[in-house]
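What follows is a short report on a single structure.
Chain lettering (A, B, C and D) follows the sequence in which the chains are written, and residue indices restart at 1 in each chain.
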Amino acid sequence: MSSPRPTDNMIKCMADLIDNGDVVYHGLTSPLPVLAMVFARRILKRDFTWASVIEHIEPIVEKVKLKPSTGDPYVEPEPLGILTTIDAFDIAAKGKLTTMFFGAAQVDEEGNINLTVIGDYDKPRVKLPGGAATAYLFPLVPKIILWARHEPRVLVRHVDFITGPGRLRIEKGFKHLLCTNKALIEFTSKGPVLRRLLPGASIDDVLKSASMRIIVPDKVDVLEPVSEEEMKVIEEHDPQGIRYLQKMG
Amino acid sequence: MPSPKLVSLDYAVEMVEPGSSITISGITFVRNPTLFTAALIKKGIKDLCFIDREPGFALDMLAAAGSLRCIRAAMASFELYGLAPNVRRLAEEGAVEYIEDACGAVIAGLRAGAQGVPFMPARGLIGSQLLELHEKKWGTWRRIRDPFTGEELVAVKAINPDYAIIHVHLSDEYGNAVIEGPRFEDELKIRAAKRVIITAERIVDWEVLRGFKHTLSATSIHVDAVVHAPRGAWPTAMPGHYEADYNAIKDYIESSREGRAREWAIKNILQKAQ
Amino acid sequence: MPSPKLVSLDYAVEMVEPGSSITISGITFVRNPTLFTAALIKKGIKDLCFIDREPGFALDMLAAAGSLRCIRAAMASFELYGLAPNVRRLAEEGAVEYIEDACGAVIAGLRAGAQGVPFMPARGLIGSQLLELHEKKWGTWRRIRDPFTGEELVAVKAINPDYAIIHVHLSDEYGNAVIEGPRFEDELKIRAAKRVIITAERIVDWEVLRGFKHTLSATSIHVDAVVHAPRGAWPTAMPGHYEADYNAIKDYIESSREGRAREWAIKNILQKAQ
Amino acid sequence: MSSPRPTDNMIKCMADLIDNGDVVYHGLTSPLPVLAMVFARRILKRDFTWASVIEHIEPIVEKVKLKPSTGDPYVEPEPLGILTTIDAFDIAAKGKLTTMFFGAAQVDEEGNINLTVIGDYDKPRVKLPGGAATAYLFPLVPKIILWARHEPRVLVRHVDFITGPGRLRIEKGFKHLLCTNKALIEFTSKGPVLRRLLPGASIDDVLKSASMRIIVPDKVDVLEPVSEEEMKVIEEHDPQGIRYLQKMG
């Protein structure tokens, strides 16, 4: 067994944001959300409904195994049945899909995210893969958990392109959270607020590694590092270390 | 039940006109109609407009072969392998018109197309800069008011692709077909497209379908041609039949780097099947 | 998967508030939730607004018991036995508000309700005098223009009944449920209603559902209560389980003529089940 | 075996209006349409797609057996699969549901039908069962086959209430036909035209038994009566004579 890396602590941090009664959905390119959902169910014993882009509702969680695609049906075997994405998004339109994860190439101080383009839309410096469900679900899902690398060019003041509008979420009183490999940040009407440090990260580090201006409150929690037992569970579901390909450390 | 529609792969490929719009089954690495797509690019089809929610492998084959004039998708990803390699190249070179859509909006547009209405109201979407682009640049979305309450919503214009190419688990020779496991938007695509080509792992007799207690994914009413295509989704996954072949996918990506993706597809997908 | 929702028939019946709007599963003499309906009328529920496309037997039970304030349906028929007898009486006496709808419009309204949008555009309907009534009298339809082409269409206001009572073949105790055979609009009703009560021929373990390769008609996300109700559709048909009992239906009609339909239902449906 | 009655000839007349390649749908309270579909398939060998309110696509036609409800799944057993009414109506919205049957309490000279009310909507003299799909499908289906009793109070000049608008159909160039127990009538821009007499009915009879003014062209066809062999097939599917409960004679 290996010792936990920042990626693993990040998974634990994301898992802890899933509450009892949540209806949780993950999309493509989402190894960390999948493992966070496993962690929440198996270790934190959170009682939530499992849905995803795979369209397998309530797979046997013990049998979940990461592959290079998180849209691959063999990642989440033996579901209770099929819940189509169409159906899941209709549930979202009614506010009943409570919890969704989104990766982001850029996140800014308002919690806006960019998955569309670096540079200008018509003359892209870098073409990004696209926002997928972002634009549709941002105004609808009561709790969104973003995940991103804690770097100045990722945590920016203003995104190049607003694929998902964070400000609108904050105005609606929705939960809008960001897990990085250093910290848990919550977007509020005053700006991004540091809520939790990941093991090994300092406040100074968190602030210096971001272009966005992060508010530091009096009390900042520190996440308990992933234990040996917890690490065993993570590795059981990702023996090849696919999660580290996300380059979160 | 009008006449059978079972045709050869070559015959079905000839049905697809250059310059038309096309959608396909599955997502990234699941249930793509790769055999049909390989035959399309071998034929040298040009100027297609591609539309889908979260396409991956087969879209990239078309991009690699220079078959595309435009791409409309909410995400075009090879997931942990990054953006679909040939799509990225074309998009960054400006060699293709790239219309970034959103999942819920693609679903709404296909729903309108399937229902035979010209638009579909949708929630979400407001606040994203994609709304401006769709309203002003592409004319595909428009802000409207609910006629009953005045609430602001987005109207998504109906999506009616000229062709839907859908790979299924089984079909009879009339196009009465069944998809098992994840459906994605394939049942909508079958209903929204002007012409539907089914490629099927198995061609079965009516008797296999009878007593089946569920809705058919497609019926003879919806379908124009049926092609027998065993392993017709490889190297993407066919749920219940075979898993995604990630080694082959990596090999394809490697070939893409060397500009040989089209050749890779013809050799490994089309020629192996024959 | 949040906590189980399996409750007794009495408990579920208590969930339904007087004065609310309600829809039920099935059509005329197929898969009506008759056991639940019999328990509802025994309780003496009042002032319900009933909405459905082509209801029959269970609607008439509610009409017979004086439980209804309004009826909205595209057709309320006992087919070869004529119009639903108690519905006809109430309608002709003016004892109930009767909103005649059209099949395609009911579907459109339920679709809007299921999708969480406030209205649904629909084709057809123009030219019928029902359009005037819906526009001016009931405010349920409105002529609109397609924002893209200006074409005239009808917008149907979303239908979101307070309760949907749906009889299914099997369900687990969480409300993951399967309807076999004809679905009618039941899967839309499950998604459109504010609260959903499932009555099921069989309550099964998760293990029975696993490996099931099709969409679930309902999931735990949609459902508020599950009731075990074997033969819960009798005397209407339960496809695959039992046929419609036309002798019992004729007996019910006979009782209706004598003003004893409510008593007939309580005695023959509710008491026999206990 | 019994000898054919007007009802049986009417079934044959309706069956003959089904063409090869049609997609045909029947609704509730439709014993004559069901038997016409059987007749068209088994006797006339018409190659059409069978759909209905039962949602059974392509049942085994040989096993079709009438019951007091034509929405009863046991009437059309062992289908190829389920085609929901929702799906069938979407097909209709695209003009691909080619052929539909409608009963009517009143039909008028423009081909309008009334299934809603006799008298005023708010103070009905007689409440009718409701138009069901009429209002929705009239503007969409290229061929509609009405069936009604040939009586002055049924075949009227103007219906009390337009549930289904016939004029709109004629303007669109759609086929709009009426089978009665005496005749086949086609609605045209000039009015209802007599196309065919049923066995035993005279032109005089057809005109006198209707309040609507029916145009009689030079050439009027006469339907060959149901033969013994044809009668055997009808009775095989309706041994109890449920079809006669429609009171068409």
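In the analysis below, a residue touches a chain if its C-beta (ideal position, glycine included) is under 8 Å from a C-beta of that chain, and two chains touch if they have at least 3 such contacts.
All figures in this text were calculated on a predicted structure; none of them were measured in a lab.
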{"item": "Chains touching both chain B and chain D, listed by label", "value": "C"}
{"item": "Length of the shortest touching-chain route, chain A through to chain C", "value": "1"}
{"item": "Between chain C and chain D, centroid-to-centroid distance (C-alpha), Å", "value": "28"}
{"item": "Separation of mean Cα positions, chain C and chain B [Å, integer]", "value": "36"}
{"item": "Whole-Å gap separating chain A and chain D, where each centre is the average of the chain's CA atoms", "value": "59"}
{"item": "Multi-chain contact residues (two or more partners), chain B", "value": "115-117, 122-123, 181, 183, 213-215"}
{"item": "Chain A, residues touching no fewer than two other chains", "value": "82, 84, 92-93"}
{"item": "Chain-level touch network, classified as line, ring, star, complete or other", "value": "other"}
{"item": "All chain pairs that touch each other", "value": "A-B, A-C, B-C, B-D, C-D"}
{"item": "Chain C residues touching chain A - in the complex, by the definition given at the top", "value": "1-3, 114-117, 172, 176, 178, 191, 206, 209-216, 219-222"}
{"item": "Complex contact set, residues of chain D against chain C", "value": "28-29, 31, 53-56, 67-74, 82, 84-86, 89, 92-93, 115-116, 121-124, 126-140, 161-165, 167-168, 242, 245-246"}
{"item": "Parts of chain A lying in touch with chain C, wherever the complex brings them together", "value": "20-21, 23, 47-51, 57-58, 60, 78-84, 87, 90-94, 96"}
{"item": "Contact footprint of chain D on chain C as seen in their complex", "value": "27-30, 53-54, 73-77, 79-84, 88, 91-92, 94, 98, 100-105, 107, 122-131, 133, 181-185, 188, 237, 239, 243-244, 246, 249"}
{"item": "Interface residues, chain B side, partner chain C - complex", "value": "111-112, 115-123, 139, 142, 144, 146-149, 151, 153, 155, 157, 180-181, 183, 213-215, 240"}
